[in-house]
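To keep things simple, chains are lettered A, B, C, D, E and F as they appear, and every chain counts its residues starting from 1.
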Amino acid sequence: MSTQGDSIHHQGPAFLSWRKLHLSKAKLKAASNTSALLAGFAMVAVVEIQLNNNNSDSEQLPKPLLFLFAICTTMLVAVHMLALLISTCILPNMEAISNLHILSLVNESPHEKMHMYIELAWGCSTVLGILLFMVEVAILCWIQFYSVLKEAAYVATAILVPFVILFIWFAIIFYRNLVAHTYETRKCGIQELEELKHV
Amino acid sequence: MSTQGDSIHHQGPAFLSWRKLHLSKAKLKAASNTSALLAGFAMVAVVEIQLNNNNSDSEQLPKPLLFLFAICTTMLVAVHMLALLISTCILPNMEAISNLHILSLVNESPHEKMHMYIELAWGCSTVLGILLFMVEVAILCWIQFYSVLKEAAYVATAILVPFVILFIWFAIIFYRNLVAHTYETRKCGIQELEELKHV
Amino acid sequence: MSTQGDSIHHQGPAFLSWRKLHLSKAKLKAASNTSALLAGFAMVAVVEIQLNNNNSDSEQLPKPLLFLFAICTTMLVAVHMLALLISTCILPNMEAISNLHILSLVNESPHEKMHMYIELAWGCSTVLGILLFMVEVAILCWIQFYSVLKEAAYVATAILVPFVILFIWFAIIFYRNLVAHTYETRKCGIQELEELKHV
Amino acid sequence: MSTQGDSIHHQGPAFLSWRKLHLSKAKLKAASNTSALLAGFAMVAVVEIQLNNNNSDSEQLPKPLLFLFAICTTMLVAVHMLALLISTCILPNMEAISNLHILSLVNESPHEKMHMYIELAWGCSTVLGILLFMVEVAILCWIQFYSVLKEAAYVATAILVPFVILFIWFAIIFYRNLVAHTYETRKCGIQELEELKHV
Amino acid sequence: MSTQGDSIHHQGPAFLSWRKLHLSKAKLKAASNTSALLAGFAMVAVVEIQLNNNNSDSEQLPKPLLFLFAICTTMLVAVHMLALLISTCILPNMEAISNLHILSLVNESPHEKMHMYIELAWGCSTVLGILLFMVEVAILCWIQFYSVLKEAAYVATAILVPFVILFIWFAIIFYRNLVAHTYETRKCGIQELEELKHV
Amino acid sequence: MSTQGDSIHHQGPAFLSWRKLHLSKAKLKAASNTSALLAGFAMVAVVEIQLNNNNSDSEQLPKPLLFLFAICTTMLVAVHMLALLISTCILPNMEAISNLHILSLVNESPHEKMHMYIELAWGCSTVLGILLFMVEVAILCWIQFYSVLKEAAYVATAILVPFVILFIWFAIIFYRNLVAHTYETRKCGIQELEELKHV
């Protein structure tokens, strides 16, 4: 492990790019495993749920609930498949570079050129994907409880509200920190380049 | 493996932060795998459980049990999704730093700035998530045994009580050790800084 | 980690082949895990879906939907099995070479000789496989919602359309970048060989 | 790999503690993966088993069998959740220490302070958890075979008996070896300390 | 990473055997994970499929289809279990040798002595196992679609045909490359031994 | 990687024990993952199979088939749980030793003292466990096909017979090789000790 002595060397533009490569790689890896599993569970839920109650005496499920279920399931799967596609396509190109441990090859990695697309798509799909899974379970509770005890479904929804707020609040905090961090890093990079110019 | 000779060097503030980085990373990794699996099993339970008995002669499930089932399932999934969100968002930033093995970069890791949020949210979600999974199975036993043999459900609940107490007792012991450990480490850090000042 | 000084050495034809080996290996690894899981979930969906509604009063599923379901499921499984076959057959040959860390053995790896087949088959099967999984869920929604609420199925399909466009757009961007990258690398290689000739 | 020459150095109290750290870490890791999977399968069994036969002509399940099923399922899940809780809480603290490869930090790991609780809780939960899973399957056989062919359930139980005896016998042998091993190591440590005192 | 200078050293008979060890190890590892998962999904399919339609008005499934399903399922599971058995029995012996990184121990590994059995059994079981999984899904489609819409089953089969041809074509190409590669390597080895004799 | 020069050093009794440690470790690791998964699938099969056909016109399942199913399922789970227990109990003790890479500690590993128990129990449980899983699927085919088409079940059994013979033949070959190998190694060790005595 190197100490603080060579910290100036570790601020060069190639090294900054190398660090971004490691960050993008770690992000995509974290996303791919979870996505395949959660999308698979969502598919099983669609196949096994019973929407048309055969009991003639029980109430029919209301239309808005069915609309919500259709929308939520489709988006949940689509969003996780998008995260999986990005992981499967971009990750190998990054890993091939990072496994060689050669700093000068960092420019050939696609993580800088495709940065905007990846960051946006990945951020959306991960945060949205987890949020949608939570909402999906709430909708499944509604479908199961509707003809038995509507009040239980209301309680379940009431419990979910603070969690959704917590999710959005956490996402905002995290996004701000990320932006602030990126800004600082960029400023450092520019400053350094300025200093190099003036010398 | 370095020996005791350079132990003084390993007490510097940068190194303490480096160790905290490794601790937070290990915590988040341990949480993410379990959370996705347990939340998925909970979703399958919601989809496949049959709440409305078609047999007209069997008793209807009591309302408090249904309320409890709705509350427990929603919280179980919400709590595990929260742990998963935190893992997916924060972990890549830490891994990108720790994989480079450069001590001076430790300040750029988000584990210090977001310490309070992470520790609280993670601790709650892991301990709570495992406790809720245990309670969920007890409720599922109640739903399955209610119209068959109520006494079996009472026995199952009676068995669960000492385990829940053991859980809470373990969580308290663990929390105390953690607080004591943090206090000691902080005191050491401050003491060292004091000594550096006076020299 | 080596620095920019020896970057010229890292452009030799053997090293370029070594890098291609790492890229192919990473691609195949990323594909194999996801493929087995998604194909398994697709099989479970086929086994557990109920196509013939026993309720005499509900509408029968339309023929085009059933055709679409049969086509999509068969292709989904076939495409993932193809990706799995390629991974299982080619990957061991590459890993045996890359684990020895000897540059001169790179010519004995099959990744150059079978490049065209692998790249085409893998690219198709991964992108197509993920796209088909998304379409499969949409078809399952149609089957489940058909006799309950047709409008919900239309909404689910409408949500899926922008995602499919996004998928195809992303695949095109990614393919272009890949082609451009390959072209540049090849040009570099030829240029270098030319220079070596003239010296 | 170091040879026998420096074996005396490897008997110091810090090194003994370091070895215990590695042992505890390996134990907890082995437990956590299995626990989440087996507990999940147990939950699926509770949800999908059908306890009340609708066929009026078939016999009702006897009460002791239902009591046994309720007790076994609850304990199985509770015991695995306890193992999972311990793994998730203690493991990160150990990993953070062991990943730094610094011998002098071994005292800050919680594996010595919480040794008694961990060893007891973990040993019970792993051995008990696997034993209970085996008994659970036997009970499930009883429930499924009761109204069809009682003799088959008796045979299944008869087969299980030697395995349970083998389990308990193995656990006793293993426990004795462990105790003997711990005693020897401790005696060595004390002896060494004595020798250091007299010099 | 060693360069071309010592390439002659890397052609010795011990080293060739060392490389074969790595190749066999990688093959067996790739097979074992997939086999357990696919065989498990096949078992679930057998348990949950409903062969006897209770609706008296729907057609009974034809005998050849049922024969095909019985044959395909049994072979699918048998072939994957064979691959799993070979992996579980042979792999540990190889890993124990290759983890020590000592070239002279390569003769004690069983991969040379049992080469014929392993290569044949593994090759058959992997390629056949993946092909059979694909056919199994087609048969499941036939069973599900038979009483609903026979044309959809015909279309599904028609789609499968080019994939099966692609599979067999790929297997032949791959087998030829393997044979060619083995022949070249063996020729090199013999040539080298000849040269050593004449010196 | 060390070459042939120091091969004499690698035949010492401590090193032989070190190699046995690696072999036992690799065996136990290979067993534990497969066992938990296959036992879980077997449990799902017991829960979801329907033994009592409600259709009054279909034949009742014969008693020997039910006996066989009860025996096979119980043994399958018991055998895999035994393999899991051994893995979970012994593996951590070995890993703690092997991760330190200190040759002189090899005597403290339990793999020599408990060799007979482990080898016998593990060998039986792995080979038997995989064989029983194959037989279990054949029995499930019988249960599903009995009231539909008995001939299909006969064909499935006929296909299984050569595979079972292949299994037993492979197990015998493998066992002989193992015994031969152990004998050779032991003879070498004794010879070496003799030579050391005479010098």
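Everything below uses one rule, namely that contacts are C-beta pairs under 8 Å (C-beta built on N, C-alpha and C of every residue); 3 or more make two chains touch, one makes a residue touch a chain.
Note that this is a predicted model, so its numbers are computed, not measured.
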Numbering shared by both copies at the chain D-chain B contact, with half separating same from different: different
Farthest-lying chain, centroid of Cα atoms versus that of chain D: C
Distance from the mean Cα position of chain B to that of chain A, given in whole angstrom: 20
Centre distance in Å when chain B and chain F are each reduced to the mean of their C-alpha atoms: 35
Centre-of-Cα separation between chain F and chain A, whole angstrom: 41
For chain D, residues contacting two or more additional chains: 37, 44, 48-49
Overall pattern in which the protein chains touch one another (line/ring/star/complete/other): ring
Ordered ring members, chain B first, chain D second: B, D, F, E, C, A
Touching residues (chain side chain B, partner chain D) in the complex: 1-4, 7, 10, 19, 22-23, 25-27, 29-31, 33-34, 37-38, 41, 44-45, 48-49, 55, 58, 126-127, 130-131, 133-134, 136-138, 140-141, 144-145, 147-149, 151-153, 155-156, 159-160, 163, 166-167, 170-171, 173-174, 177, 181, 185
Of all residues in chain B, those that touch chain A in their complex: 14, 32, 36-37, 39-40, 42-44, 46-49, 51-52, 54, 61, 63, 66-67, 69-71, 73-75, 77-78, 81-82, 84-93, 95-96, 99-105, 108, 110, 113-114, 117, 121
